[in-house]
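Okay, got some structures for you below.
The following pair of complexes shares a single chain, chain A, combined with chain B in the former and chain C in the latter.
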Partner chain A sequence: MPTRLLDTLLVLAVGLLAWQGVHWLAPDAVTSPAGTVARAAEMLASPRFWPHAGETAWAFALSLVFAIGGGLAIGLPLGLHRFSAEVGEPILVSLYSLPKITLYPVILLVFGLGLSAKVAFGTIHGLVPVAIFAMNGVLALPPVYARAARALRLSRWRTLAAVLAPAAVPEIVTGVRIGFSVTLLGVFIGEMFSSQRGLGFLLMNAIGLHDVPTMLAIILMVGAFAVTANAALLALEHRLHHRPA
Partner chain B sequence: MSRAGLVRTAIVVAAVAALELAARGGLLRAGVAVPPSEVAAKLWSILRAGDANADLAETLGNVALACGLALVAGFSLGAVVHGLPRLRRALDPFLASYYALPFFAFYPVLIVVLGIGRLPIVAIGFMFAVVAMMVATLNGFDRIPRALPRTARVWRMGPVRTALKIKLPSAAPHLFTGIKLAVAYAFIGVIAAEFIMATSGLGYAIAYAFNNYDNRTMYALMLLLLGIVVVVNGVLHGAEQRLLARRRAR
Partner chain C sequence: MTVRPLTRPAAATAPHEIHARLAGVTRTYGAVGGRGGVHALGPVDIALRRGEFYSVIGPSGCGKSTLLDVLSGLSRPSAGTIVFEGRPVDGAVPDGVGVVFQEDASFPWMTVRDNIGFGLRENGVDAAEIGRRVDAALALMGLRDFAAAYPPQLSGGMRQRVCIARTLVMQPRLILLDEPFGALDAQTRLIMGDELLRVWRETGATVMLITHALDEAAMLSDRIGVMSARPGRILAEIETGWPRERDSRIAADPGFGAVTSRLWGLLREESLRAIGAQAPAGADRA
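After this line comes the complex of A and B, so read on.
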């Protein structure tokens, strides 16, 4: 086994030991790692769990489509035009650093309770990072790309679709990776406050019942999903950034 | 102001005016949208009466505490880990996926462990901000040109002087990016935690107004928060630009 993998596993083991240590200090507040995994396995085997997981997955998939589509629709045209980018970037960055959770009441007022509010909340989380990375990805391209497109007399739209957007794919993938995790966070938070279904609702329910094993099991499952997806996108990103031109 | 700044201001003003017209003209459902002018008037009256002062002071105190701890811990951790390449390679996958975790889900667990009050709120803000600072510190130290530490050796500088005179200034732009991110993340973490289940603070006040159908107060407090975040980001952005301009001048 390569040392690197061994070291990473070692760090993971230290983390698990720390978790176990906290469990020994406060057995009622924190379930042990083994207990959490057992609870998660139990939930995965129970038929009542899957409709909730499906609801969350569907809301997340919709949010992701809107966040990526909307982010590209805003970011790519801004990247085409340096002045527009200069105007737009500080606005986008301010939106990114805004605690979006405070906007949740507005979303609820506009969309009402239910799926559309969750999807809207997930979308506003993910849209901005996708837009920022797409914009900067197009802006950072060498000018020779745009010149080549001009020499071929491509229209603005064809330039973007056939030349600039494909060239900016590595940055777009970075944006999508960040958008992916914050969209998941948005949908999950959305479910925690105003939903009768979904994993966020299950978590809120467990909090209400002081059911610590279930709380930790849900966090473990959502966290494991997020980390796995992130790792896959990160691997894709590395491949794209280091591909031969 | 630059041309881009003027256009940006014009866009923001136009958006606010459009919202005002839409709310007044009845285009949006009454109660959902309050005209911005009325929101501003409400905020003014709240500020004059001092109704939000206690919540505001508490929130800002929590953010400052979380952010300060995150900056110190993040920088120290980054500096230590940078000196231990083997540990760093082992940590890299964890750092890269850290922000993929749904943090606010931990908040209830933190309440169970730390009790209700400031502690879990500051802890969430800290957890959210610390890794951004740590990663920025690592990046900054990575980008120090190799020639610089060698020059320090030629001048027989000790490790402390090398760190203060060579490494810190050279890594400064990345460290500043870390500071900016840590401030923004500490705000997000603290406000969100207050919003979810606290009994005081600005985030709580917004949630409270919402639950009582007091949309005017809710929007006014949101405007206050927005104003604070924009001003803080603006100040940091300006400081960063000055720092970069000074580096370019040299």
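After this line comes the complex of A and C, so read on.
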């Protein structure tokens, strides 16, 4: 799709121009795109950078596994039972609207400083959207799927695992996409406070030292990762909603 | 066309051997402690003979689909008993009973082939046997060229064939169909009716078809149970007397007009009542 590619490039170019413009207006607060990329390249080449990136990646991967696993474990059974879903949905939604940052001191007290607190904080961010989308995905399925499964003598568990869950996959992927970005947010916030390792820690460190190029370089790298992953999930979602391709 | 039979041919049996029986079956919805609720069905008594094609016809909302639900074991009756091959049916679909629904129940994320083999895989049939049965069903339902397609690429009639094939590979001895052609256009319905007759002959299964179409019931059935407006009861059972080898061209038979006019004679009052019963007065509330 050449037009799609052209559009993307156009958006990128406008973004870079705007960035450069802000740099001219406030050179002390924002490094130029070229300067940021140079600093990022420098960091990527430095052996001291990789343990931090690895720490963040590991914490994020664990959080994502817990958020998706837990979200499906909560959302799919709720979706099976309309009454439970009606009770569960407002609880999930109000949990989601809770400003989770206020819970961070509690999480630190429970899990202590380190990896487990970050993972817990990332997980509570991502779990709820995955659960809500999985629940609604199952609720919205035509009732005839469950009836057909019963007529083919499937157990309740096989009905869920072999029919309802696959049927709800497009919705689940949407939940995972949204869960993905908020889990990343949670892990990052977790690293920014009371952490000695990870990209969030590097970012806070750079803010403390007023090392603007490093700040911007970390933001660029994390942002590029998040945008790419989101685009990939969005493409997958698109394919699933309009299957078969 | 020779196709490997999907069902064991019925053994030489005594005429009118009873294959499934409903006795005093009723269904009430939403009743709490025996009061209130909607009396949807019955009491109904039907004895299905082994190998016959039985249709149930009735006005809209008379409980036809409820009847199929309780007979198949998909839901429990409020009262009465259901027996299939000598064993009571209670809250689960027994082995040997297949159900085809009005709605499209094909799974859009599986190919036609995988859809048809789905029930067999879930019931632990070995792969070679699944392959054989699916191939036979693909041939029987005219789906051979679409084995690798996904249901959303097919027409409504083809998708319903996939659902019928998925039921047939389980080798049901009793096939229950709930207005399976309701969503299809008139010509496709006639063609599908002919195919259903062919399947019925080739498998030797007992068939119960729920329909609201007079001509469909008259064309396809050995016997037709005519239901009353809600709560549905069997008003009369009509024998068509058609030969086993038949198709939709039976509509040209002089007897066909006699059957449909008899059906309409029984149904006209009930259909009027069904429409009238939608007025606010809930005459059938206990």
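As a working rule, the second predicted complex is superposed on the first by the 237 of 245 C-alpha atoms of A that agree within 3 Å, B and C clash if a C-alpha of one lies under 4 Å from a C-alpha of the other, contacts with A are read in each partner's own complex, and residues count from 1 in each chain.
Please note the rule applied: a contact is a pair of C-beta atoms (placed from the backbone, for glycine too) under 8 Å apart; a residue touches a chain by one contact, two chains touch by 3 or more.
Predicted model only: the values in this text are computed from it and were never measured.
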Combined model on chain A where chain B meets chain C, clash or fit
fit
Which partner does A:46 contact after superposing on A: first (chain B), second (chain C), both, neither?
neither
Could you tell me if A:7 is touching chain B, chain C, both of them or neither one (first, second, both, neither)?
first
For A:147 in the superposed arrangement: first (chain B), second (chain C), both or neither?
second
Given the overlay on chain A, how many degrees, to the nearest 10, lie between chain B and chain C at the CA centre of chain A?
90
A:234 contacts which: chain B (first), chain C (second), both, neither?
first
Let me test your reading of the model: by the given contact rule, A:166 touches which partner, first (chain B), second (chain C), both or neither?
second
How far apart, in whole Å, are the nearest Cα atoms of chain B and chain C in the superposition?
15
Common interface residues of chain A with chain B and chain C?
none
Enumerate the contact residues on chain B facing chain A in the complex.
3-4, 7-8, 11-12, 31-32, 86-87, 89-91, 93-94, 96-97, 99-106, 108-109, 112-113, 184, 187-188, 191-192, 195-196, 203, 206-207, 210, 215, 218, 222, 225-226, 229-230, 233, 237
Enumerate the contact residues on chain A facing chain B in the complex.
3-4, 7-8, 10-11, 22, 26, 29-30, 83, 86-88, 90-91, 93-94, 96-106, 108-110, 178, 180-181, 184-185, 188-189, 192, 203, 207, 210, 212, 215-216, 218-219, 222-223, 226-227, 229-231, 234
Seen from chain A, its contact residues with chain C in the complex are 142, 144-145, 147-148, 150-154, 158, 162-163, 166-167, 169, 243-244
What residues of chain C sit close enough to touch chain A in their complex?
72, 74, 92-93, 95, 97-99, 101, 103-105, 107-109, 118-119, 122-123, 150, 152-153, 163, 166-167, 170
